[in-house]
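Accompanying notes for the structure given below.
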Amino acid sequence: MFGNLSRNDWLLVLGFAIVVLVSPWTLTPFGAGYPALLQKFCIFGIFAMGFNILFGLTGYLSFGHAAFLGVGSYAAVWSFKLFTMNVIPAVIFGVLFAGIFAVVIGFVSLRRSGIYFSILTLAFAQMSYNLAYSVLTPITNGETGLQLTLQDPRIIDNAFITPGEGLPQTDLFGIPMNGYPGFYFCAVALIICFFLTLRIFRSPFGMMLRAIKSNQNRMRYTGFNTRPYLLTAFIISGMYAGLAGSLMAVTDPLAGAERMQWTASGEVVLMTILGGVGTLIGPILGAGVIKYFENIFSSFNDRILEQLFSFLPDAAREVAVWFTGLFVGEGWHLTLGVVFMLIVIFLPGGIMEGLQRIYNRLGGGSGPGAGAPDTAAAQPAE
Amino acid sequence: MSKLIFNRRGILKVGAAGGVALAAPMHFVKGAFAEDMSCNMPTGDTVTLGFNVPQSGPYADEGADELRAYQLAVKHLNGEGDGGMMNTFTSKALKGNGILGKKVAYVTGDTQTKSDAARDSAKRMIEKEGAVMITGGSSSGVAVAVQGLCQEMGIIFMAGLTHSNDTTGKDKKRYGFRHFFNAYQSGVALGPVLKEEYGTDRRAYHLTADYTWGWTQEESIKNTTEALGWETVATVRTPVGAGDYSQYITPVLNSGADVLILNHYGKDMVNSLTQAIQFGLKDKQVNGKNFEIIVPLFSRLMAKGAGDNIKGILGTTNWNWSLDDDASQAFVKSFGAEYGAPPSQAAHTCYVQTLLYADACERAGTFFAPKVIEALEDFEFDGMGNGPTLYRGADHQCMKSALVVKGNENKQSEYDLLKVVKVVDRETLTYDPAIFGGDLGPSDAKKC
Amino acid sequence: MTVATRGELEGETITLNEKSASPYFSVKDIHAYYGESYIVQGVSFDIAKGEVLSLLGRNGAGKTSTLRTLARVDTPALKSGEIWLDGKPLHKMRAFEAAAEGVQLVPEDRRIIGGLTVEENLILAQVTEPKGWPIEKIYEHFPRLAERRNQEATTMSGGEQQMLAVARALARDLKILFLDEPYEGLAPVIVQEIEKIVQQIRDIGITTIIVEQNAVAALRLSDRAVIMDTGQVVFQGTAKEVLDNEQLRHEYLAI
Amino acid sequence: MDAIIIQILNGLDKGAAYALIALGLTLVFGTLGVVNFAHGALFMLGAFCAVTFNKIITWPIQPPKAEGQLFAPPAKPWFEYAFGDLGASIINWSVPISILLAIPVMLLIGLAMERGLIRHFYKRAHADQILVTFGLAIVLQEIVKKFFGANPLPQNAPAMFNGTADIASWFGLTDMFIVYPWWRLIYFLFSLLVIGAVFAFLQFTTYGMVVRAGMRDRETVGLLGINIERRFTVVFGIASVVAGLAGVMYTPILPPDYHLGMDFLVLSFVVVVVGGMGSLPGAVLAGFLLGILQSFASMNEVKGILPGIDQIIIYLVAVTILLTMPRGLMGRKGVMED
């Protein structure tokens, strides 16, 4: 059944699983070893990985993928509100609804290609966002975001147990899904998604998508209908986004409209490109880097900087604090912008290309293409 | 209680044990669950507060001013500087040696004025940096979202600038407290002044930001004006961040309305007001009366953005630096000396909230959240710039005076943008907490 | 003996043979790529001043790519090798610089610029130095173009567009002309007309390379021929040699 | 009827801003083939040229603090001190005058941006172009935020253009009430002027003809001995000036803040694509069309039937047009389709 995976691939999955599962320990020295951020790494890793199945393999740049994230979140929270706090149905609903949404949007948007496709997806996502923010408030609770309330029916839970005082927590058969258990739940989801993605990359279907990317026209001339393949890829990547959205709700039962805004769609594009388009690991790394910056850099303030530079004489310290202050705290966006520019200018293939270069320099590879099996799939964005 | 709960607890234990085995690091093995331990109770010689303010996005300037106020409050709590409102505050529990003898430290985060980002950043401060209390915010959506999170995690949330009725209404939480006034109180405060200035025979046209805060404000003001005998011509919802409002403003011209009420805040307010003036609404005569514009919620920082357009326009505000009571004076002096500019209303409410939390801990004698909540509920105090104030236990809303202000026609300084027309007293603004529904929920401590 | 050429100065070893002069136009072992695909695989040949050379071969042999490389357009990318025109190192230049040295390519799809009139297309050729025939002179030689001077150029027939493409090249002071499939897709009557024009160009003494499917037509005008296959030169010789060599014609030209 | 006419005016005015931004964006895309996400930032920088000019000439001279006052009284701009009434009227006219500042500044910014960054991305994937220019847009706006803060900074139109024009009376329509702010009318006329100037430049000058030719087929233009990239650099500078001028003149309508560019970015991309990638008339047409439709969708009568339509109308129109006209209103085949 898994005949298309080589021994190296299995080792890759195993290695990946280990790296993910030990991350609470390994990331602590970097200040990232706390559940909320670790959860975000996994969730956005899934989101970016799914996005990459569409963008990386077929070259179709969707600028509205955040819509599926939002739909997944809303569906999951509604599952908590209506049925049960158990996360399994929530995840299923999230993926399912995002999938249905993706069928509709994908069917329409894939009638066009290139930037016209991008704008169509952007338009759909922006419509979803604007409506969710205002007119659809009965479903989405508008700006505040959809939250659990004490009045929720929760019919399945309430049929079996008397609700306690206060809001219930999301749980997996009794294990509350916040903090580290929540992280491990997301981590397992990430590992499963990674495995699935690897399989897609190695499957004939994946090859077909790559072929579409490299020469759609030629395939059209030969009378080959590419759209079913594209639509399938679109739906799969929409479902990944739905899963990510539902996991966001699992770890924090709230769904806000701004998850669907174009900036959120833009973010996943940035993550993917930053990490390395079309590579297996790249998007996950990209997601990690951006979330890390957002969480860690924005938390720096002048006081922390003062401490950091306390070894300097007064005048030099002031200059140092002022200068670094430009890039952290409220200036963290500036850092983000600068990093994007540096990466794109100097590392067109994203972080993965950087790693590949380091690997080659260390003598690990004797030439291009001799790197790790997953990076061999790396190719520049078209 | 049904026995099934018992069963569920059983599952929970097994599950949690599994979780512990999996997640062995840090938090799960940290200390036994003692009787009165709540989340992040400080164990060393410092106590960490989490200041969660918008540092990017449209409210970044307000966030910066809030942060200034927080830093000032920390200074005063630690016994540095001139003490500001600690000297005028009627509760004398604070000694200027930190809180309960622990030096106050703080961590900061950027809410980006987005619920998700705000919750992420609050979570970081709680999970990673050990903040025992979260405060801040410059929008109701964010306040409600963070308040919900804090309830789940058992961390006290002292709301910053949030004006929606929901924050202490239908979305109120046991762990959330608001010092700032709300849309309902704005309406009540404005009523008599509107009657006095514009009479009882008016036709009002509402432009309302299309989200929860806008709606509650529209509703509150509409109720007030209709009670005065005003007619509501139309209530039009405008998209948030529309930028150009011309297409919403032009219909006002021929609608027969003689009052325009802008239920906008922040950048939206600056834009819609600027453009309304541009369309000549202020110079218009309708039904033999001067056309008037009302902005129910004012802030000085926004007034600055609107420039001269603000002149003569009525609105309400929680507090203004021009107040001449001792407390306000002490605060303005202290803030002005530190930063060279007077504090905004957002800065004021954030400063007060920090002091109130610290004071509650002192009075409770512990950081244990349920006890601190108890100390805050139904707490009576004065000397914080809004006269005698009650932290109402039923909905965690402060009952205090608020201000009706007018854009200053003749300013004495760069910051002298708002003129206080009337200080509306606490009795007038007190309402029945039941009207907005909601449920505070339990105060039982959470470990984290 | 001759004057030292640029090649010598740059350390190139040139064996002085009996011709005793470096060729007017010289292509030395050029290799060019479209992205990853290796298209031109080490092509070398020389042309003397005023000579006409046919570049022949089957579809996909790399003829057009070679011409494009010689004209220094951005694709295919020249990875190694040298191109010399009258002592100037074209391989170091980009298309617009090569054009300033007198290189002109008339591409196979003519590349008449849409949205511009016939006259504007001609003016465009004379925006920069060196200018060739004045536009009035061009109109004398191409009365059809004169008739249509204010018409949008792409609305003309294929033959007329081909005329314009050639005329546009003549509007520049050219030292070498690359004609890529000048007869492709044209009716026989028009082909004759174009052929006449090419004949004229030849008579003026402009060094020319013709790439053409119709080998016979091309060879009629040529002094020499180069045959390419899979990106490499498989034969060099006079036009007559090709026409006489049955096997060669059969194997590479299908005639 | 009055309402409809006024909404058309609103639409034209809104459309003027969209069209100006989209025009520059299309110019850059059509020539350099670069998808420039920093174009909105150029609009914002233009607006801040006006702000900066105003700041410079109104640099406050602080009167001494009176006894007992905590904060100093309002300051007087030094231009008024130095030049009296002339100074005052220059301050009054600061927005239009700052055009003189904006043109060279924006040209320099444009040239520097193209030479320093964009030129290295001609042959890179569109995704790379988007990313790098997006990064640049963030950097630019954060720098502006650092210097000017996050709050909107109101700019006043010259006093003589305050208030409204009674348009109905111009046409002797006494039974109608159509008034419109002077400055918005001026903005509309200004945009027509700029658009006209750009088109005239492209249509009636040899330089413009070369640029047009380059947009169609840059390879052939190169074969004719023209260094088209150098000319495109100038085009980038022009696009940047157009965006900047649009920004300068917009400041009295919308008090600018650092985020202004991002607010317009997505919208202007929709406009460009609806117009058809690379088509200048398409961009202008789409700008005005979407502006007018947006205004109509905001009318109470329309919103009453379709609540929320005003929030999505632009996107809805974009979807409809792209599905019925594959390459937008006036797009050409093969541009940006793969």
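Order of writing sets the labels: A, B, C and D. Residues in every chain begin at 1.
Note that in this section contacts are C-beta pairs under 8 Å (C-beta built on N, C-alpha and C of every residue); 3 or more make two chains touch, one makes a residue touch a chain.
Keep in mind it's a predicted model, so treat the numbers as computed, not measured.
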| item | value |
| --- | --- |
| Furthest chain, CA centroid comparison against chain D | C |
| Pair joined by the larger number of C-beta contacts - A-B, B-D | A-B |
| Whole-Å gap separating chain A and chain B, where each centre is the average of the chain's CA atoms | 33 |
| Distance between the centres, which are taken as Cα means, of chain C and chain A, whole angstrom | 53 |
| Mean-CA-position distance for chain D and chain B (Å) | 36 |
| Separation of chain B from chain C, taking each centre as the mean of its C-alpha atoms, in whole Å | 76 |
| Residues of chain A whose C-beta touches two or more other chains | 130, 133-135, 333 |
| Chain D, residues touching no fewer than two other chains | 307-308, 311 |
| Interchain contacts (touch definition) - all pairs | A-B, A-D, B-D, C-D |
| Chain A - residues contacting chain D, complex | 55, 59, 61, 108, 111-116, 119-120, 122-124, 126-127, 130-131, 133-135, 216-217, 262, 266, 269-270, 273-274, 277, 326, 331, 333-334, 336-341, 344-345, 348, 380-382 |
| Contact set on chain C toward chain D in their complex | 71, 73-74, 94-96, 99-100, 104-105, 107, 111, 113-116, 120, 123-125, 127-129, 168, 172 |
| Chain A partner contacts - residues on chain D that touch it in the complex | 35, 117, 120, 124-128, 130-132, 134-139, 141-143, 146, 266, 269-270, 273, 277, 307-308, 311-312, 315-316, 318-319, 322-323, 326-328, 336-338 |
| Partner chain C, residues of chain D touching it in the complex | 123, 206, 209-210, 212-213, 216-217, 219-228 |
| In the complex with chain B, residue positions of chain A that touch it | 24-25, 28, 31, 33-37, 40, 130, 133-135, 137, 141-145, 147-148, 150, 160-162, 164-167, 169, 171-176, 178-181, 183-184, 248, 252, 254, 256, 258-259, 294-295, 298-299, 301, 303, 329-330, 332-333 |
